[in-house]
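Each remark here refers to the structure printed beneath this line.
Should a chain be cited, it is by its letter among A, B and C, assigned in written order, with residues numbered from 1 in that chain.
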Amino acid sequence: MAEISLTDLGGLIGGEVAGDGTTLIRTAAAFDAADADTITFADTAKVLKRVSASKAGAVIVPRDFSGSAETNLVYSDHPRLAFARALHFFFPSRKPATGISPRASIGENFEAGQDVSIGPLVCIGDNVAVGHRVVIYPGAVIGAGVIIGDDTVIYPNVVIIDGCRIGCRSIIHAGTVIGSDGYGFVPDGETHFKIPQTGIVQIDDDVEIGALNTIDRATFGRTWIKSGVKTDNQVHIGHNVIIGENSLVVAQVGIAGSTGIGRHVTLAGQAGIAGHIQIGDNAIIGPQAGVTRSVAEGQVVSGTPEMPHRLWLKVCRIMPRLPEIKKRIERLEVMANKSAGKDAQKPQNR
Amino acid sequence: MAEISLTDLGGLIGGEVAGDGTTLIRTAAAFDAADADTITFADTAKVLKRVSASKAGAVIVPRDFSGSAETNLVYSDHPRLAFARALHFFFPSRKPATGISPRASIGENFEAGQDVSIGPLVCIGDNVAVGHRVVIYPGAVIGAGVIIGDDTVIYPNVVIIDGCRIGCRSIIHAGTVIGSDGYGFVPDGETHFKIPQTGIVQIDDDVEIGALNTIDRATFGRTWIKSGVKTDNQVHIGHNVIIGENSLVVAQVGIAGSTGIGRHVTLAGQAGIAGHIQIGDNAIIGPQAGVTRSVAEGQVVSGTPEMPHRLWLKVCRIMPRLPEIKKRIERLEVMANKSAGKDAQKPQNR
Amino acid sequence: MAEISLTDLGGLIGGEVAGDGTTLIRTAAAFDAADADTITFADTAKVLKRVSASKAGAVIVPRDFSGSAETNLVYSDHPRLAFARALHFFFPSRKPATGISPRASIGENFEAGQDVSIGPLVCIGDNVAVGHRVVIYPGAVIGAGVIIGDDTVIYPNVVIIDGCRIGCRSIIHAGTVIGSDGYGFVPDGETHFKIPQTGIVQIDDDVEIGALNTIDRATFGRTWIKSGVKTDNQVHIGHNVIIGENSLVVAQVGIAGSTGIGRHVTLAGQAGIAGHIQIGDNAIIGPQAGVTRSVAEGQVVSGTPEMPHRLWLKVCRIMPRLPEIKKRIERLEVMANKSAGKDAQKPQNR
């Protein structure tokens, strides 16, 4: 198990240590689970109040934290980020042994960088090239002509179909399918005639794709997931979709074909994005939203149909009151008819 | 093929036989498909009316069934349960041959109980322990340090990542991924810095997990599926979620991270449950519901936003009438303005 | 690379060539990517306007296109269909080498037609029969007794559980699970007792099933996907569902158990269809719709709850105006109460 002085750890995670820098830190944990050899963090008012009572070896706090504590503190501009860095130190990612398993099936003309790890029961097609330190876990199937960049990790039973390209330092979680045919048919009488999907999927650097995603190959050209994109589990990305840098796609989202997602967009869980539209940079789409029209840069929209998020919150408060509202209208109608009746009667009375 | 006297079968399924107990029963089938050697059941008014016309070898009926029939009857407190037991007798679960296939890839220090069945092209990591009579179908990948209890069945191409624990008599259907990384990132400027997911997934006894589920490992500690939980296909369960005993999670439900689901809860198909909330024991969440706040014990909620189910049904009846309601409001406004106009005019007329 | 004279290509795709039939065509591409050796198509007013400026080797246009062009034209009743045919010529589907890989695991009594291709790390159970030219990609697991018709393609890591039947010329995309147990339980006190799922899945001819679908085996009999059905990715089909000929099921749709879908139906993305209902022939169900009641032949419905699509569009326009509508009602109430107050006062005034 790793062991490090608080001074050294502070340097590693980019924080300023206040207290005993010689304290030995042996792990990182959540606030309430932190013992004397543990570093933890506090960045909300609620938790910061309790820092003074912490028995942790060190607590990472915001620069402007003014409280006192018996424990060591590490001041940071981004306590949560500093803590995540500490976690990487104490919990380095699992790395299987390097080498190519004799129980893997390797196609012709395989090019592999240094220190790759190809697990048992991996199947690699012809003319595949993988970079240095690439890890391919058991059961993954890599199609002919696929190219995978340095330091990328492919988890068990992932399928990457022929010709697709994966960048460097990317992670593809278990069971995900990259490069299956896009859903394209043209009517032929009552039947549907298949449109060949001639393109590929290109995934750039520092991308993380969740488990059991499906990312379809393009009809022409490429379906393109740009650098820094992170998808959660069970996401579906249709053919010719482009997702811009550093966008987040939460679980069970579906993006229909030919849609463009900008940079640093967030698509919340179970949202559905129609085909052939554009979601602007920094837009946020709410959970379960059904988005059928393009969304401008920086917009926050929710609901089905999509609308500004603040409006959606108001609509959400009114929805459960619709039965009451209907009754109020009925009451108004009774009053109005009564009043109109009187008005109607008036001429007769004259 | 199994063959059993009605008397013996009645004992086995916990029912009281009325008629010829020596009748040989050879299979179990739905009411309309039941022949002279078949046991079936009737538990709805509609079907019970037709029992007298049945040609089945025996019909399982409720204790209070007062009708007469030419066929044999089996009285039961729970006809459907008794019938399910009969199905288990006539259709015992498929069991592949025991033994460890020479075409499986087995890691170091593998501990296996008696009569296990490890299929071809299974990959088992180091330090894995599986109980008696465990079945692991072809293509499954079991990570290092995984522990699997007695009588559990792992279907083809399931992936269980390092360190996860599965209880006894559980069933994991094909293609499901257990223990992939939770979706956790912390902003680092424009990019997203990965939070290591240091925990595991723990699945207890008598759990059934559908096909192509994703159950993420915890950031710290465990994502925990307790005894008797049954999930349908394509369910997503985020990191640190806890699901209580005997809850049902229907197809395509998504549960975001750190949410707690109580005991004996039902989450209907395609529902989305937000993160960091609590769903109380025995609650029922309707199909496609979008639940963003905690739900108390025993509540039945539906819709987006979630609301009491009875209220949701009313809202559902009003929704398609919104255009009509809007017109009624416009009419009221015309009337009101006219009336206000008259009132406004009146002073002049005076 | 394929090369063909325009005259021959016109014959192949069923179009009438106008221009130089000796032009050699070497590929097919989208309108804006078409060069002098490329065939493309135009079938919308917007693109047809630009045909005269095209540098393509040939442009497929509708029969009634009256514009002139310097490039060659191919007149067709269905330009898009003709173009898809051209794509098939220039981009024939990838075919791996024929033969049975020595690294596949083949059960007893395997019957295979001519020119099959069984990849490495495929696992085939006992008593499996596959037709001529069947392709099974690496990592697929085919259960005991499964039957697969001529020319069907099974992509990597597909799982087909025991006893299921797949027709001819069908395509099953990667990671899909066919024949896992339906979700059937009967209450047994607080717990849920499993109902054995004794049936199979039957998939007929010319079906295409997307990646990571789950199609459950029937409780009794069969779950049945009829000829010409095309499903997109991540579709869930419950036990005993029947889908009629040539229906389209878009990504992330869920169909609950025992529901019948007619012929030539379209279920748009993320729609949820309740169990035990009927969707009539040629019906269209909108995206994210929640359908809880049967839908008649030819109906177009959307929304949750489902309603006629045109009505849904109106409701969608009103939903974001609910806060405004609520205010209008409040104003009416103020006016009505004022007016009623006056009326109430009037008698006193008399």
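As a convention for this text, a residue touches a chain if its C-beta (ideal position, glycine included) is under 8 Å from a C-beta of that chain, and two chains touch if they have at least 3 such contacts.
These numbers were taken from a predicted model, which means no experiment stands behind them.
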| item | value |
| --- | --- |
| Magnitude of the superposing rotation for subunit B and subunit C (Cα, nearest 5°) | 120 |
| Homomeric contact subunit A-subunit C: same or different residue positions, threshold half | different |
| Subunit A and subunit C: spacing of chain centres that average the CA atoms, whole Å | 26 |
| Junction residues of subunit A - those touching two or more other chains | 121, 139, 157, 175, 212, 234, 252, 270, 288, 304, 319, 325, 329, 332, 336, 339 |
| In the complex, subunit C residues that touch subunit A | 29-30, 33, 78, 80-81, 84-85, 87-88, 91, 93-94, 101, 103, 119-121, 137-139, 155-157, 171, 173-175, 206, 208, 210-212, 228, 230, 232-234, 245-246, 248, 250-252, 263-264, 269-270, 287-288, 304, 316, 319-320, 322-323, 325-326, 329, 332-333, 336, 339-340, 343 |
| Residue ranges of subunit C touching subunit B (in the complex, touch as defined) | 105, 121, 123, 139, 141, 143-144, 157, 159, 161-162, 175, 177, 180-181, 183, 185-188, 190-196, 198, 212, 214, 216, 219-220, 234, 236, 238, 252, 254, 256, 270, 272, 274, 288, 290, 292, 303-305, 307, 311, 314-315, 318-319, 321, 325, 328-329, 332, 335-336, 339, 342 |
